[in-house]
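Structures incoming, each one as structure tokens.
Below are two complexes that have chain A in common, paired first with chain B and then with chain C.
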Partner chain A sequence: MISKKVVLTGSFGVGKTSLFNRFISNTFSDKYLTTIGVKVDKKSMTIEGEEISLILWDIAGEVSQEKVPKSYFLGTSAIIYIFDLSSPTTLKNMQADLRLLNNLLPGVLIRKVGNKQDLVTEDVIQQMKKKANPDTFTSAKTGENVEELFLDIAKFLIS
Partner chain B sequence: MKAEPIVPIQQQIVLDRKGFTIHCAGNIFSPDALSKAPATVIFPFIESIFSSLLQLSHQDFPIIYPFVNGNHPLLPGYYEFRFELNENQQISWTITGKDIEYFALRT
Partner chain C sequence: MKAQHDRTNEELLLDRIRDILLRDDRKTLSRVEATLQERQRLSEKVSPIIEEHIHFLKENFPREFQTEVEKIIDIKLKRSQEKIIELIFPKLGLLIRKYISHEIDMLRERIDRQVRKSWFGRLQRWMAGVKESDQILANLHQTSVEEVYIVQRDSGLLIGNASLNQTIDKELIAGMLTAIKLFMEDAFRRGEEEVELIHYNFYEIFIQNFYGFYIAVAIRGSLSLEERDQLSKQLFIFAEKELNVDLKNLSPSFYHQINNKLETSFLTKTTTQHNDQ
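Then we have the complex of A and B:
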């Protein structure tokens, strides 16, 4: 069986842990608790008869902060960069963060995700499409597009 | 009355280059827990970084993860993971319990 490490990153409060919990255990909580350190868990999927395990790392803090040790990215196959659709300030560091990640992990798959889709209107989604050009929009709360996001990543990593 | 010294919650593990346990001692879990399979099979955390750790050289170590929540039955809390490369090119993994520090930060 293939296993791949996938890191969830982005600004504070964008829903990294919520996406992690939705994918791993299909759960959601409205209660906000800042992540300290790193939370790791894995889930297996079968794609066209081949089994793949995604080992998710939900890391605290922001990439641009020196507080995130580079060792957290050791062995990473994919990055999910998450921003909050209802909070445009969470896009502020995105370009710089993505540059940093591309330098640190050349060739690694990066998916940009606009989360909290349930909190915004269709107009906001259209604006965000132009502004941030995300790969997908998700809602950890309703589960919308969450499974699809990870399935897409798994398919890419297995190919 | 003399105060009792505080015993750290700690486990020392040495893994060969295939991830099998060569040495395991400590007060977190029984060494028997690692006797039947490599650590890469038992711990998703190790599975996700082990091959990358093997590619690093001595000067890249130690690699430290200060607060890890691995959601694992053998490690049901918050721990510091410290990895070093020993003189036999084996991975030395030290696990230190960090629940007290974690909950102090939380409050």
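Then we have the complex of A and C:
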């Protein structure tokens, strides 16, 4: 069995832990509880007959990735950079953050995810497509595209 | 007019003689020129010579250039002396500080043991109203290694483990342990110092850090400094013998083997200490 570390990161309040919980335990809570430090959990998947363990690191949100301890990212195979579709300020540092992550982990898979799709209209989604060009839009609340996001990452990591 | 005609004839004659005399040389020259100008032909001629020289250098480099290289290194070292000291000093200082503090603690532990054994110690306990039987019980403590984890230092991915009991997912423990370790190291900002011991209730997690990985040993009971020192030595020997491999490209059979080796090396031993005997 293959094990891979996947880090969920982004500004605070974008729904990292909600995505994490939706994927791990298929649950959602409206209560906002800030993550302190880092939370780790694991989910095993079988892809084309091969088993893969995703060890997920849900990192406490920071306005800028500069403030996140670099050691949390080391040895990671994929990064999920999450922003909140209903809060454009969470996009403010995205370009700088992605540059920093690319420099820190050259060649590592990075997926840009626009979360809280359930809170915005189709117009906003179209605007965000142009503005941020995310790889996918998700909703931790409804579960939309969450499983697909992790499945896509797992497929990439196993190939 | 005649003189001019004679000179022209003379020149023509000379040219002809020159052509006859230099014909062979000119052929050779044009062949050489063609060789020089055509890359492939030049390469055919020159490459074997260069290769021969490279081979010679490979074989004889240390002998031929040893003195020169030593001189260069010497000069470089002298010039960078301050930089090297700047780089090494904090590490060295940290190591010395750790060593001295560790040795002092060991010494204190030995003195305590000696004092407890002596008549003065007995007198002290008698004055304090401590029963001899209570003291013997206090001195008799049992420790046992319950679990061992080898974890990749950066990613927190599990390399190997052995456990006496059924616990939750081992990979999860390795990841969480790494996250806690990194969080503590980052939160308290103690420079390059790393977490080495986590204590809770009747358990201790002793962590021995290596370059690309760390070994965490969960112990029931509390180890004395001397025991911790022994365990550390044991872990170093184990790492040197069994983990001297590329840990990023491990074969599936490695996990199985290393788990068995961890079990036989660490889990079958139970330490019972009789400090006063």
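Points worth noting:
The definition used in the following text is that the second predicted complex is superposed on the first by the 155 of 159 C-alpha atoms of A that agree within 3 Å, B and C clash if a C-alpha of one lies under 4 Å from a C-alpha of the other, contacts with A are read in each partner's own complex, and residues count from 1 in each chain.
By definition in this document, contacts are C-beta pairs under 8 Å (C-beta built on N, C-alpha and C of every residue); 3 or more make two chains touch, one makes a residue touch a chain.
These figures come from a predicted structure and were not determined experimentally.
In the model built by aligning both structures on chain A, chain B clashes with chain C.
Residue contacts after overlaying the shared chain place A:Ser71 against chain B and chain C alike. On chain A, the surface touched by chain B in one complex and the surface touched by chain C in the other have residues 3, 5, 37-42, 53, 55, 57, 69, 71-72, 74-75 in common. Chain A makes touch with chain B in their complex at residues 3, 5, 33, 36-42, 53, 55, 57, 60, 69, 71-72, 74-75.
Residue ranges on chain A touching chain C, taken from their complex, read 3-5, 37-42, 53, 55, 57, 69, 71-72, 74-77. Chain contact summary for the complex, chain B toward chain A: residues 44-45, 47-53, 63-71, 78, 102, 105-106. Listing the residues of chain C that touch chain A in their complex gives 152-158, 169, 171-172, 175-176, 178-179, 182-183, 185-187.
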